[in-house]
Amino acid sequence: MPPDYHLPLMQATSPTGSSPAFALPLRVYWEDTDAGGVVFYANYLKFFERARTEWLRAAGVAQQRLRESTGAIFVVSDTTVRYLRPARLDDQLRVTVCLQELGRASLLIHQQAWRVVEADNAAQPGTSPPEPDALLAEGSIRIGCVDAQTFKPRRIPAEVLERLSA
Amino acid sequence: MPPDYHLPLMQATSPTGSSPAFALPLRVYWEDTDAGGVVFYANYLKFFERARTEWLRAAGVAQQRLRESTGAIFVVSDTTVRYLRPARLDDQLRVTVCLQELGRASLLIHQQAWRVVEADNAAQPGTSPPEPDALLAEGSIRIGCVDAQTFKPRRIPAEVLERLSA
Amino acid sequence: MPPDYHLPLMQATSPTGSSPAFALPLRVYWEDTDAGGVVFYANYLKFFERARTEWLRAAGVAQQRLRESTGAIFVVSDTTVRYLRPARLDDQLRVTVCLQELGRASLLIHQQAWRVVEADNAAQPGTSPPEPDALLAEGSIRIGCVDAQTFKPRRIPAEVLERLSA
Amino acid sequence: MPPDYHLPLMQATSPTGSSPAFALPLRVYWEDTDAGGVVFYANYLKFFERARTEWLRAAGVAQQRLRESTGAIFVVSDTTVRYLRPARLDDQLRVTVCLQELGRASLLIHQQAWRVVEADNAAQPGTSPPEPDALLAEGSIRIGCVDAQTFKPRRIPAEVLERLSA
């Protein structure tokens, strides 16, 4: 994995290497942890959502404006997440977004959270070699488009479809 | 569904009606909602966990004491959740726990979050009939037993196995 | 302090003993803790709010209905909190609400979070005497009444003023 | 205020203009909001803490390593926060850190959360002039140094004192 997690937003290769994925760097703070000393598992859904939000923003889709102009909001309808390794306070993470399906009223997105080795840790001479990047959690998130008032399903606005299929 | 959600902890019939399920009543507070006006989906994982914790406690398993006496903690390894209907501020929920599999080192639990009709709303004369209870979200949560220091899998303490299989 | 924290909602004596205070029992779950092994301090604001919400509800004020019928919502404008002792997983807390000032557009509320000794722990023969109840955190919360759309200050609806000054 | 919030970490002028303050840029996500459509007030304590953590890190203090090497952790003992204006989904914030007192066992820190105008919004020709930066919330946070096991107060490690007073 390229150690480019310093960039606020970046492109990364997808799990299969075939198509580009979006990635967001995140730091683990006290608020993210629990008494087990590790990141509370429900918080990976928050990390995944931050990454999806920035992925949409990078594609030109701001959710607050979308709601005001079209009355549409995106809601999560299904989540499947596997938790593989714990993350700890101060860990640097990279959360990826990979669009798997783009339908008329819903999206399916595959996401991963990685712990990344920081450059200053990686480069210390005379120390043991740094740990490689490690996959902490991954999952699939289905997003539906609904009317903000009624929460009834509706088509994704054409402008958004265009931007996401570009 | 019996309108017995006033009890702090209660027995309920399982989804299939075949075996008993545990249920915890919960109220929706401001902290649980998001700008969509509804409960933030990641918070159902918190609701599910509160119910599992009270289910364990009702079976005589206190997690803090378990950790101190055996070094074992339970961690979530897989979650699959479907979100069906939104919950709103002040809604009264009932969250169920139904043990599906009990292995040597892990559990699989099926959980549901229901919105329940409150007695004072249900009984108002001259008003339209109350909404029936509604299933808001459901999912399966796999729990593994690990060593609190190393996070390596370990057998569930015999005392816990006995209490859960009783 | 009376050990009546088993009741879902209860009356308690105020810090000064002069006027009644409202109290809500709460349990500490994994979601409330951080990697320090104790309740994350920001979560006391959530605990305080749950207690204020139930205090309002006990006085006949449901916030969701209030918003729909009058367009008014309560917002927090100032918080001052002292953190005295840590709470841990599985601890049983009691959070109190004591109205200090009731103005035309705002309220000042004093709140405390106590750790309470549970009856089953308190009664074990042959063990050391239980810890007494302990004050964990306390603070003052100023609440303003605003228009839900504009967030501009407005008078507290007369119906609410009456209920709170009763 | 200089519109330099694009930088991951930055120096900013303090409220009084007399001494430098540290600032962290943050984005408002769904997880931060509540059903009022705005950032849930308790979350400003999280924002303040993220900024303090990065301020410490910029000074060379990593809290996880500090705990492992000295057994010391920082805990919040007092918070006073005023909430002035609401923040909404997608808002770009800047959270400042200004050290006010540095004692042997505690720190007092003044913090502010600002909404900042984004460059792409600010520069649109033919539109109304952008809103100026707005102060949303500010407060004072007292931090104590305690032993991670006993939570008893202890002196701040000399290495940390040196770095913070530099």
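Residue numbering begins at 1 within each chain, and the chains themselves are lettered A, B, C and D in the order written.
Note that a contact is a pair of C-beta atoms (placed from the backbone, for glycine too) under 8 Å apart; a residue touches a chain by one contact, two chains touch by 3 or more.
Here the structure is a predicted model, which is why all the values come from computation and not from measurement.
Under the contact definition stated at the top, the chains bordering both chain B and chain C are A, D.
The interface with the greater count of contacting C-beta pairs, when A-D is set against A-B, is A-B. Greatest Cα centroid separation from chain D: this falls to B.
Centroid to centroid, with C-alpha atoms defining each point, chain A and chain C lie 35 Å apart. Centres computed as Cα averages put chain A at a distance of 26 Å from chain B.
Distance between chain centres (mean CA atoms), chain A to chain D: 24 Å. Contact with two or more other chains is made by residues 30-31, 36, 38, 42, 46, 49, 88-89 of chain D. Listing the residues of chain C that touch chain D in their complex gives 36, 38, 41-43, 45-46, 49, 73, 75-83, 85-86, 148, 151. Across the interface of their complex, chain D is touched by residues 30-31, 33-38, 40, 42, 88-89 of chain B. Chain contact summary for the complex, chain B toward chain C: residues 6, 8, 27, 29-31, 46, 49-50, 53-54, 57, 62-65, 88-90.
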